[in-house]
Amino acid sequence: MTARITSEPIDPEALRGAGAGDGAELLFLGVVRNHAEGRPVRGMRYEAYGEMAERVLAEIVREAEARHAVSRVAAVHRVGELAVGEVSVAILVAAPHRDAAYGASRFVIEQIKRRLPVWKHEHFADGASRWVAGVPLAPESAG
Amino acid sequence: MTARITSEPIDPEALRGAGAGDGAELLFLGVVRNHAEGRPVRGMRYEAYGEMAERVLAEIVREAEARHAVSRVAAVHRVGELAVGEVSVAILVAAPHRDAAYGASRFVIEQIKRRLPVWKHEHFADGASRWVAGVPLAPESAG
Amino acid sequence: MDVDILFFASYRDLTGTPGLRLTLPPGATVEELVRTVRERGEAFLHLPARPAVAVNHTVVPHGHVLTDGDEVAFLPPVAGG
Amino acid sequence: MDVDILFFASYRDLTGTPGLRLTLPPGATVEELVRTVRERGEAFLHLPARPAVAVNHTVVPHGHVLTDGDEVAFLPPVAGG
């Protein structure tokens, strides 16, 4: 189980590592895009509530492992200033069968977007910038 | 567009390459497992009808590009003797949004299993071996 | 009792501060804390009346009762990934 | 007319050969070719009566009419990925 918030560039290859019982590995990378709603973007600043984000990301990874027949889930989220093309989030799933790999990967990215205390500040090419509209957090049932 | 049958080990990193408009990259790897239906496996020999497989794989990749809003799809299938842990198939999708990336990736692997003229010969740890039961091909509507 | 308050992202921009320490009567709830913060005036009134609030890294309902030394974070809608 | 026949994977093991060349009457269909191949005897009778067949790299119905020089492949159920 790997769940990490980092200010260093993410090396996706370093996350790999299927076991001998695995038949599928799936690597998802979120990448900073050069546009948002039709406007040219030159970069993005990611901010996290670090301690809470590490706890929530670990919870999401553990839930993915509990809900899907996977052997390994690793998720890393970047913070700081990112240029277009840089990796903001990487999710690696290894599993005996592909169904579980796709299911767990999708679960982790959707939950990250819904629950991780991370915000992004978009820098437009014309010099303007703004906080990206997000998803309101709801009280956690357990905890 | 990349669609290739190869007897060389697959380097997944070499397939990567998101464009500046992409927000998601998804890499699927099929890996030789150490078991099949509960029996220990020590390796697998993949055989392809080379010319036809390259044509069908290119068709599958083009269909994925037509059905999903993706910017890049690459698929490589390995043939020959593979040890446990070796990559048999790699599928890379880059797309502006993650929905299309997951959709196209899943489409390509499912179609490969249904349509690609490839067969695998399982080597069990006890020395026995057999052809893996497969999916009967149906006549192609176009062509 | 004293609690440490943190403002993240757009809430930090709105209030002009990353955080502050507040003294509250024992037994105060999150709801009371939010009201107290907004009553500090102008900039703090830009905060929503019912923001998501985490106490010691867990998002809680506004009826949650605070304890001395709690870390209370005001969390704007999230946009990770 | 002459056609080149290929046997892959388990079909190659069943027949004991990767392929052979066959001379057929003009206008012969895939169905007639399959029958001719199976009538060669013992080993070839292990092939199914209605295998998937590709002509020049495309899977065709058994009513497909063959042409001189066609490459005709007998394809077992596939198991790629």
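First chain written, first letter: the chains are A, B, C and D, and each begins at residue 1.
We adopt the following convention: contacts are C-beta pairs under 8 Å (C-beta built on N, C-alpha and C of every residue); 3 or more make two chains touch, one makes a residue touch a chain.
Owing to the predicted nature of the structure, the values given are computational and were not obtained by experimental measurement.
Traced through touching neighbours, the fewest hops from chain B to chain D number 1.
Between chain A and chain D, the centres computed from C-alpha atoms are 51 Å apart.
Per-chain Cα centroids separate chain A from chain B by 25 Å. Chain C has no residue in contact with two or more other chains. Residue positions 30, 109 of chain B each touch two or more of the other chains.
Here the chains touching each other pair up as A-B, A-C, B-D.
Residue ranges on chain A touching chain C, taken from their complex, read 30, 46-49, 51-53, 55, 77, 88-89, 109, 112-121, 131-140, 143. Only residues 13, 18, 20-35, 84-85, 96, 98, 101-102, 105-106, 109 of chain B touch chain A when the two sit together in their complex. Those residues of chain D that touch chain B in the shared complex are 6, 8-10, 13, 52, 54, 57-61, 73, 75-81.
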